[in-house]
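There are two complexes below, and they share chain A, which is joined by chain B in the first and by chain C in the second.
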Partner chain A sequence: MTELLNTLYVQTQGSYLRLEHDTLKLDIEGKTAAQIPLHHLGGLVVFGNVLLSPFLLHRCAEDGRSVVWLSQNGRFKARLSAPTSGNVLLRRAQHATLDCPERTLQLARRMVAGKLQNARTVLLRAAREASSPESEGTLRGAAALHAQAILGLPRLRYLDEVRGAEGDAAGAYFAAFNAMIRTQKADFTFTGRSRRPPRDRVNALLSFLYGMLRNECASALEGVGLDPQVGFLHALRPGRPTLALDLMEELRAPLADRFALTLINLGQIKPQDFTSRPGGAVELNETGRKTVITAYQKRKQETLTHPLLKKPVPVGLIPHVQARLLARHLRGDLLEYPPFFYR
Partner chain B sequence: MNVLVTYDVNTETQAGRRRLHKVAKTCKNFGQRVQYSVFECRVNAAQYEDLVAKLKRIINPKSDSLRVYKLRGEREEFLETFGLDRHVDFDEPLVL
Partner chain C sequence: MTTTKTPSPSSPDDPVPISALQHYLYCPRQCALIHVEQTFEENLYTLRGRRVHEQAHESGGEVVAGVRLERALPLYSESLGLIGKADVVEFLPDGAPYPVEYKAGARKKRNADDVQLCAQAMCLEEMLGVSIPEGSLFYDRSKRRRVVAFTEALRETVQSAVQRVRELFEEATLPAPPADERCKACSLLDACMPYEVQHLHQRGVPDPFTVEDA
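For the complex of A and B:
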């Protein structure tokens, strides 16, 4: 199994990263701020104006360390793409699966089932801890809707119906989302999902976390030799990592939403961690990003019991485990893809 | 595995000073300097062999001394520090 290596996040504007022997050296304003042996790092994520030396990039490409460039607000910009490696037979199997409507449908169903089940678990868990009877009612209602949708999945015959079921459930989920916020209610009110740009603090936080999760899913898929652009549930579009989006669906609620709620409910994140832009956009500012990333990195080191492997797995490795299971299914070693079920 | 690498390299000659520099450089690739000639490294078994082999190739066994201590477990369990400590835990979130 892959070791969960640390990810270095660099958000100080104007910093410069370079390779020195087998270490990464980080200069901020001409002074070395850190020097880290490369073997501790699984990847780099840099925000905004951060420079990387060509030789560092070459080395990361050779070793298969991921490098991701994000805008200062965490919007995905680019990824380092190393020479295509991995298993061409696996990628052929991936494409063959997409060419077979029944298999695609079945896979999409499993993915949506995973997503709905995990969203339901998050709703029910929030319902148990709800601050008021009305919140609890709202959450239980949404959870019941999810349960129904899951039961209805096997009857769906077309991919679009599966997508529709997912969309309906997502609507109900986000309609109930506000009831999961227990503290700082005045400062963190969720009125509906808004992106590009996020229009409130909760949305800004969710968007940021989804961006991080998406990168991790794409890296995990590439790690097992799958093509992150060839997905099943999401429609293909040039430049869109649809398989990463597919994989992300079942992980959103337990790994991102639940985490966002914890940050808010425990008061780890505060209104001051956000900045409002003219025009209504809200984004995390530098201190906010630092708080979120630090907590997120800690979260990745915590362990959850994987329901299939029946052993504790660091949260950060869950996308990798799922990518591997998906590869096994596509190759025909596993009859069905087993989504990750969160408890 | 956490290891502690310490060394004494005889620097009376030009070649000795070069060896000292090389030893430090090699250690830096595997860990971090915690005192002038003391490095703490967290390595796996393969990296450990690599590190030791590289260091053995650099030093002059007649005039230099190299000691590698393996910690039997977590660093926190086996280490007490006093005074200045610039150690950075590379497993902690790295946000800069």
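For the complex of A and C:
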């Protein structure tokens, strides 16, 4: 397993990252503001106008360190792709699976089962900690719907039915989401999922975290040699990382939603960490992003017991473990794909 | 030794890397993970190994006490279908080549290192048209050399290993994990998941379509 090393996030505009021997130097206005031995870093994420020297890029490509460029607001723009791109037989198997409707259906059912299981666990946990009997009832109701949907999945015969079941469950989940917010309720009211742009603080936070998780899923898939664009549950569309979205589904509730709720409920994130734009869009501002990234980096180092490996795995490595299990399934080493279960 | 075979770009029998022989003899699944699945995991052992090899590979050639050293010498044998690189080949004053392979750890129980060195010698024999009776393994931990005699039996082990590796590459599947004492010392332990995969092979993957009581 790749060692979980720190990801360096750079959002200071106009900064310049370069390589000096085995050390990364961060220059701001011509002065070296930080230097980090490269072997401490697992990847780089840069926001907006941040420059990287060609030699630093070469070295990251050689070592398999990820480099991701985001817009200043955190929207994914590009990723560094190294020359060795894994096993062509694996990518063949990935495409062959997609060409077989029965195998695609099986895989999609298992991915959705993983998503619903984990969403249900998050709902039930929140129900146990609920701030009012009404909230608890709402959350238990949504969890019961998830249980029904899980039991119904094996009967579904078409991919669109599986997508439909997933969509229905997601509707129930987000309808109950507000009941999971226990503190700062006036400032953090979830008014249904809104994207492009997010229209409240909770949505802004969720979108930012989903973006980070999506990058990590895409990197993890590339790390095992899978094509992040060739997914099974999500419909193929040019430019869309559908396999990264597939892998993300089972991880959204435990790794992103639960984390967002912790930030809100423990008061780690505040209303002033967000900026409202004319017309209703809400975004995390620079201090807000800093708070979220710092907490997220810490969260990635914490461990969860992987139900299959039966040992503690750092949260940040869970996408990598799942990507590897998926690759193994596609190549026939594992008969079925085992989704991650959050307990 | 002369070569008669013409290399062809479309030849189905691509050369086998000498390193694959060593991996195969340690564990066929390890060999398939590295050479078929293209898995590579850096850990303490591989990093140490890399450092030792980087030292061994620093320059191309030099002369020490009448012995010419060739470092990182490319090797091939068309008759065996092997390619590789020798850490160091010493050319004695009479011109006789003597391969030396650098190893990071201590001497291992299995004969994989001996096979690797012998395969290097067999390549050199074909490349230079000479016969090479022995070579040495240098263990970085003990700083000692161990002489390996290239016996008929060892040469046969090399040949049969090449054959089995070629079959593994053609089949291009992952052999089942051994899940034995080898796994503990393996650099690919985390990528291989030997115990978990063995467990899943025996009991199947957990059913995700059941629910536990709330």
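As a working rule, the second predicted complex is superposed on the first by the 342 of 343 C-alpha atoms of A that agree within 3 Å, B and C clash if a C-alpha of one lies under 4 Å from a C-alpha of the other, contacts with A are read in each partner's own complex, and residues count from 1 in each chain.
Basically, contacts are C-beta pairs under 8 Å (C-beta built on N, C-alpha and C of every residue); 3 or more make two chains touch, one makes a residue touch a chain.
Since the structure is predicted, the reported quantities are computational estimates derived from the model, not experimental observations.
Chemist: A:117 in the overlay: touching chain B, chain C, both, or neither? Say first, second, both or neither.
Modeler: Second partner only, chain C.
Chemist: Classify the contacts of A:9 with the two partner chains as first (chain B alone), second (chain C alone), both, or neither.
Modeler: first
Chemist: Is chain A touched at more residues by chain B or by chain C?
Modeler: Of chain B and chain C, more residues of chain A lie in contact with C.
Chemist: In the overlay, answer first, second, both or neither for which of chain B and chain C A:172 touches.
Modeler: So A:172 meets neither chain B nor chain C here.
Chemist: For A:290, decide between first (touching chain B), second (touching chain C), both and neither.
Modeler: first
Chemist: Regarding the shared-chain residue A:22, is it in contact with chain B (first), chain C (second), both, or neither?
Modeler: Touch partner of A:22: chain B, not chain C.
Chemist: In the overlaid three-chain picture, which partner chain does A:35 touch, first (chain B) or second (chain C), both, or neither?
Modeler: In the superposed model, A:35 contacts chain B only, not chain C.
Chemist: Kindly classify A:315 by the partners it touches after superposition: chain B alone (first), chain C alone (second), both, or neither?
Modeler: Neither partner.
Chemist: Should A:335 be classified as contacting the first partner (chain B), the second (chain C), both, or neither?
Modeler: second
Chemist: Looking at A:154 after the superposition, I want to know if it touches chain B, chain C, both of them or none. Which is it: first, second, both, neither?
Modeler: Touch status of A:154: second partner only.
Chemist: Residues of chain A touching chain C in their complex?
Modeler: Listed in rising order, the residues of chain A that touch chain C are 1-2, 84, 86-87, 89-90, 109-110, 113-114, 117, 120, 124, 127, 140, 143-144, 147, 150-151, 153-154, 225, 307-310, 324, 327-328, 331-339, 341.
Chemist: Hey, which residues of chain B end up touching chain A in the complex?
Modeler: Residue positions touching the partner: 25, 28-32, 41-43, 47, 88, 90-96.
Chemist: Would you mind writing out the residues of chain A in touch with chain B in their complex?
Modeler: So the residues of chain A in touch with chain B come to 6-12, 15, 21-23, 26, 28, 33-37, 39-41, 290, 293-298, 301.
Chemist: Considering only the defined contacts, which chain C positions touch chain A in the complex?
Modeler: Touch list, chain C to chain A: 36-38, 41, 172-174, 190-191, 193, 196-197, 200, 204-206, 208-211, 214.
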